[in-house]
Amino acid sequence: MARSVVSEIKRDHIHKLIADGHRVDGRAWDEFRNISIQTNVVETAEGSSRVKIGNTEVIVGVKMTVGEPFSDTPNRGVLTTNAELIPMASPNFESGPPDENSIELARVVDRGIRESQMIDLEKLCVEPGKKVWINFVDIYVLDFDGNLFDACSLGAVAAIKSAIVPASAHGLGEDYPMPITCTPISVTAVQIENSILVDPSLDEEMVAAARLTVTTDDNGDLRAMQKGLRGALTVEQIKTIIDTSRRLGSEIRKLVG
Amino acid sequence: MGGNSDMKLIDENGIRTDGRKVDELRPIKIEAGVLKNADGSAYVEVGKNKVLAAVYGPRECHPRHMQNPAKAIIQCRYNMISFSVSDRKRPGPDRRSVEISKLISEALDYVVFTENYPRTSIDVYIEVLQANAGTRCAGLTAAAVALADAGIPMRDIVPSVAVGKVNDTVVLDLNKEEDNYGQADLPIAMIPRTGEVLLMQMDGHLTKAEFDLAMEMGVKACKEIYEVQKDALRRRYAIVNGESEEEPMEEPKDEPMEEPMEEPKDEPEMTEED
Amino acid sequence: MARSVVSEIKRDHIHKLIADGHRVDGRAWDEFRNISIQTNVVETAEGSSRVKIGNTEVIVGVKMTVGEPFSDTPNRGVLTTNAELIPMASPNFESGPPDENSIELARVVDRGIRESQMIDLEKLCVEPGKKVWINFVDIYVLDFDGNLFDACSLGAVAAIKSAIVPASAHGLGEDYPMPITCTPISVTAVQIENSILVDPSLDEEMVAAARLTVTTDDNGDLRAMQKGLRGALTVEQIKTIIDTSRRLGSEIRKLVG
Amino acid sequence: MGGNSDMKLIDENGIRTDGRKVDELRPIKIEAGVLKNADGSAYVEVGKNKVLAAVYGPRECHPRHMQNPAKAIIQCRYNMISFSVSDRKRPGPDRRSVEISKLISEALDYVVFTENYPRTSIDVYIEVLQANAGTRCAGLTAAAVALADAGIPMRDIVPSVAVGKVNDTVVLDLNKEEDNYGQADLPIAMIPRTGEVLLMQMDGHLTKAEFDLAMEMGVKACKEIYEVQKDALRRRYAIVNGESEEEPMEEPKDEPMEEPMEEPKDEPEMTEED
Amino acid sequence: MARSVVSEIKRDHIHKLIADGHRVDGRAWDEFRNISIQTNVVETAEGSSRVKIGNTEVIVGVKMTVGEPFSDTPNRGVLTTNAELIPMASPNFESGPPDENSIELARVVDRGIRESQMIDLEKLCVEPGKKVWINFVDIYVLDFDGNLFDACSLGAVAAIKSAIVPASAHGLGEDYPMPITCTPISVTAVQIENSILVDPSLDEEMVAAARLTVTTDDNGDLRAMQKGLRGALTVEQIKTIIDTSRRLGSEIRKLVG
Amino acid sequence: MGGNSDMKLIDENGIRTDGRKVDELRPIKIEAGVLKNADGSAYVEVGKNKVLAAVYGPRECHPRHMQNPAKAIIQCRYNMISFSVSDRKRPGPDRRSVEISKLISEALDYVVFTENYPRTSIDVYIEVLQANAGTRCAGLTAAAVALADAGIPMRDIVPSVAVGKVNDTVVLDLNKEEDNYGQADLPIAMIPRTGEVLLMQMDGHLTKAEFDLAMEMGVKACKEIYEVQKDALRRRYAIVNGESEEEPMEEPKDEPMEEPMEEPKDEPEMTEED
């Protein structure tokens, strides 16, 4: 994300380690940092989660209300995903409306959820063309140490899975769990000096040439991808990352339950 | 304030709906040093309020025209996250949060030795994760601990609490239900040691006598909160200095690789005897 | 408000005077500057006023329209208070949306009116849950020489008292005067070098350590308070200001009629 | 323009609904020097229009990239306050006021000796307190007086007025009713002495012959307004110089304490004989 | 428009030419540059045009939708005109919301169309007080070489004339051509050193003292005028420009067909 | 992606609704050097898409804090004009266009020798005049040609295309109908000569095998588009150098009068053999 100036010394250090097949924190190239997932952390939300990947920490809430559907999908609930890179999380984040980084982040997370059809939006229709459930998935980054795409995606998925549709508060019968069809998992890797590293830390992101995020569903099929940063990837590198994403995705999926 | 509601919020034994006495605080929990990037941070729970505070600075002041050549400026941003309240709040500042941010900035300015860091900014970020009445007080309480955790020299830590009135009775530390149906709200922040009041607002209806009682209650409660703040900093200090092995992940911050000569982070510094 | 740099000379001068028990313009510590109140100054408004306290001057208008009530107060009219620190009023005011100073000002004025229940909002309900009177109290500062809180509060109270509900223009029967229950008066004092000074001029505000605004009702009870600026007040100082506010408030209340 | 309405706005004797003749101005009242902080100010009433204008400057130009190394820039902000019109206007600039601010800035730029004050800004603020058609003209009329009151050297003062067409007749200085149901509106501003036109807009429908007649009427009316402007400045000048004791509050501005050597404020300066 | 610094050399050069009765590109004082008009250039619009005057190029689209009328004109369609000075068109244009230049431009174009009653808005009423056709006339400047007022006005007029009301797509019967009553044409001239020059190029605009835009209808009557820039015009100069506008307007009108 | 629609978009002979085969591009037309002010420009039609791209720079970078002391920054603004789509789009950036602008900026950054022009900005403006699916690819294709037309040294030109899936079949270059009812969309941009991928997004549903097939199709199509890009630049080069008399208006840019010594505009420069 924010490209603050990294000292040449640090850059050289990371490059040298990678050339020797090592990472700064000693992980294998396809190894995630420690992942922790808590759900139901905020009781004013219909669903919520607090996720840490290493020192990157996010909190995600799902708020649901009843509103009008879009005219071209009259019998489907509405999903809105927003990400806030609040200045608490990094010396390089600033207050203000979403910038291109938080917009890209929110849209990539959104696509993973939307394109996998994780939420069965047709089950969130109250009265076709008139009333449907509107889902606000709001992501706040609390501490930023790299790989926001995966942390936010995981947080959103965990928060959605924990959500209870507040039907009774709207006079629409009993509350029921959010209708879920699958669990999309995003895995991000970067290319540095032609090495591929999964779950980049902030230091690694800052020297990376290119990034690829791959979101897979329970079958290991592709649901969303996003290449980022100002460098290139070969088709072979892309295929390596896709294979790794499918493999690691199925492991991480177990953590979400 | 909802005004003179008929809703019964205190029973015949003087016990409130959540079981508290009229001059009793909600359970309060404070943890210092909970974030990695921030120079200082704190997490506070007061009843069902959950608040996070982070401090960055002293650092270069942006925009430049806000720099003060004589001292640091304190810039606080109080924010409620969108899902911290029953109806989703649109992200971004509203008029209420702009006012609260201003008042907390002013209150903290008094206790920080801002003259030590001319031209810089000390930025305080308060995020309300879950709200249940009294979030500005919980936020200020957290911010003061985060400032100390950041090693910023301060006159003293600042506790904050609201006193209110429900069912014609002055009560301490309103919860959400009491706030909704109450008759007055009086948030204060002060330095318990000197009796100096740094933040005070009031709305509703208080006679002069009720105000005097409310202040008395508030001053006493601030002293209690102050002890919890100091306790959190003592625990944090112990961890940072390796006196505890309970939470091995809470190490002192990494030194930046390019500045190997930097001193280890100061322990929280205060003018009073600790 | 705007903290422009005041020369050290002026600051020392004011401090020295205060140490000797004097104010720059010779007033007693609990003496207001000259107050002038004009009402019905703008005929396109339902109510209006132009208020001067010394050289501080504000114009306030009340516009009323019919709209929907808030869902949690279906049988009450709506009150909205806004303050504009237009650049005409001071070399330190800038064009643009309300900043933290004008927001605080509007909110403090609003609280005095709202919490005293000055306007009987239930009498401004046309059809419960559907139609109520919406009151826009708009404050424009024309000339700024300190103590905006009291000038704006007084202007708002005078404008509201002069307002006529434009029922006939909305086909809702005959026009009638705004339903008023009491007259909240705000009195502001500052602390400078541990002296308390009521109705601070701009020069005094600029060297003041702390400010307290106290709004009282016809019974002398407290309805709103706001401590400001980056200094401290002792509990004793607060009590002194409250007593003074109650006393001066009842005098100023007579001016509004 | 409402177009060809059937509403009768001029009677058989050529008298308008407010009693005026077709070439008659509304009552006009101008007072200079009405504000304390502004370097210059003026209050203008034209019929039911009430307009205040204030001038600050020459002063440092913000933002800096707008500075002109060769001359001062004139920045005008025309604004209608929210309760100056029948339906409350939301505070802040709308497209109409942005356009009018630009046109008034351009008109005033021509008469100010901007080359005297390179890199500075001369800021003109016009607030319409009560609106009744013709506010841009009343605002420009007030702004010119305020500039003179601020002691800013000018080629000349600028009067402004609108001519219009109602009931197929060219009439001077439309009021609100005439504006709503009229057929054309032609606001102009000019230097009467030289015949130079500094502002001109037109909308509606005018034949060439009607335009010629309208300009003739407008030029004549500008001369009248010009005299009222000068008269206001003469009265202001007399007060500032202590020649009148009628309004003792309207003293010359206090000297800033730290700059005791500053010259007394200049009287309005114009190139023409006064 | 954007007043970038023009070198003194260029300014002197233009002044000298004008003093000798010449223009930089050899045109007569009352001669337009080459005008080209294409219509139906964008099929997603109800009407569109691409107009060049010399090297100034604009694209204009008309979009129509059904919406509510204004309460004071319940039986008339709505006209909204917007102009975008996109940074593609000039090194001096910046991204962002409309500034004073684009607002003035849009409003002057709008007045020519509105005041000439070119569009018969009463024929665009579907159901009085409820449903009318809303016309969005959106102007994008693609290449800027002076005289935007005339290029945009001509583009808007051509796009409107080419528009087809999309009634069938809204279930309102068959499509029909936009109801047109006349063809307003704007002609702009500048004053440089007391010479009058029609259709100023960018170089000429940059050294011009004053500008006048005059919009006439099919009868040669005046429908809109706008004087601009920081200089003066004499009444005689204004009359010259008006006469020229009436004469050239009738020629240009033929080009629009 | 609309998901698994029943709408039949490919017939039994593998022919799509617009008559194309599954691996067939829409007709593509590219013209370089179409604008006067811009330093470089290009117009592209891909099927019913009409896209204009313009390049300014290298020029001074605003705002200054975005300057990079080591290289030029590429700032792309992708925009759809309001009437380029069925429902009028409000002018100004939306979240979609902000994301696309970022991705195109990043893709172009890789091919421009940005280190040649430290502290400058190279600004790329893409305006979609008429949209029919695939506008980001058409825009990037146009932008690359405009950069070359501006004489900016580049590693290579970048072609871009989307592959997709409809009726469970992988197909090239979706049109609007196919996009609306399709099952996946995979826009890519690459350097055909090296196989380096500079832009890639995907949404919908693709198995690994389908992805492999899609990439194969995309790589092949990029090569075709690349030839059309080069051809447009060759034609432009011929015109600029007077080798063609067909379009006499497309002269080299006028030299600014005050800088008569400036070199004629460079021909498009590329590292590969032309």
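Here the chain labels run A, B, C, D, E and F in written order, and each chain numbers its own residues starting at 1.
Just so we're on the same page, a residue touches a chain if its C-beta (ideal position, glycine included) is under 8 Å from a C-beta of that chain, and two chains touch if they have at least 3 such contacts.
The structure presented is a predicted model; accordingly, all values stated were derived computationally and were not measured.
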{"item": "Matching chain pair for C-D (criterion: over half of the contact pairs shared, by residue number), options A-B, D-E or B-C", "value": "A-B"}
{"item": "Where chain E and chain F are represented by their mean Cα positions, the distance between them in whole Å", "value": "31"}
{"item": "Distance from chain F to chain C - Cα centre to Cα centre, in angstrom", "value": "58"}
{"item": "Interchain centroid distance [CA atoms averaged], chain B/chain D, Å", "value": "52"}
{"item": "Interface hub residues of chain D, defined as touching at least two other chains", "value": "none"}
{"item": "For chain E, residues that touch 2 or more chains besides their own", "value": "none"}
{"item": "Chain contact graph, described as a line, ring, star, complete graph or other shape", "value": "ring"}
{"item": "Chain order, ring traversed from chain A with chain B following", "value": "A, B, C, D, E, F"}
{"item": "Of chain A, residues touching chain B in the complex", "value": "7, 9-10, 13, 41-45, 48, 55, 57, 59, 61-63, 65, 82, 84, 86-91, 95, 97, 136, 138, 140, 142-145"}
{"item": "Complex contact set, residues of chain C against chain B", "value": "98, 100, 103-104, 106-107, 111, 114-115, 117, 212, 217, 220-235, 238-239, 242-243, 246"}
{"item": "Chain D to chain E touching residues, read off their complex", "value": "1, 3, 95-96, 98-99, 101-103, 106, 109-110, 186, 191, 194-208, 211-212, 215, 219"}
{"item": "Of chain D, residues touching chain C in the complex", "value": "35-38, 48, 50, 52, 54, 56, 59, 77, 79, 81-88, 91-92, 123, 125, 127, 129-131, 257-258"}
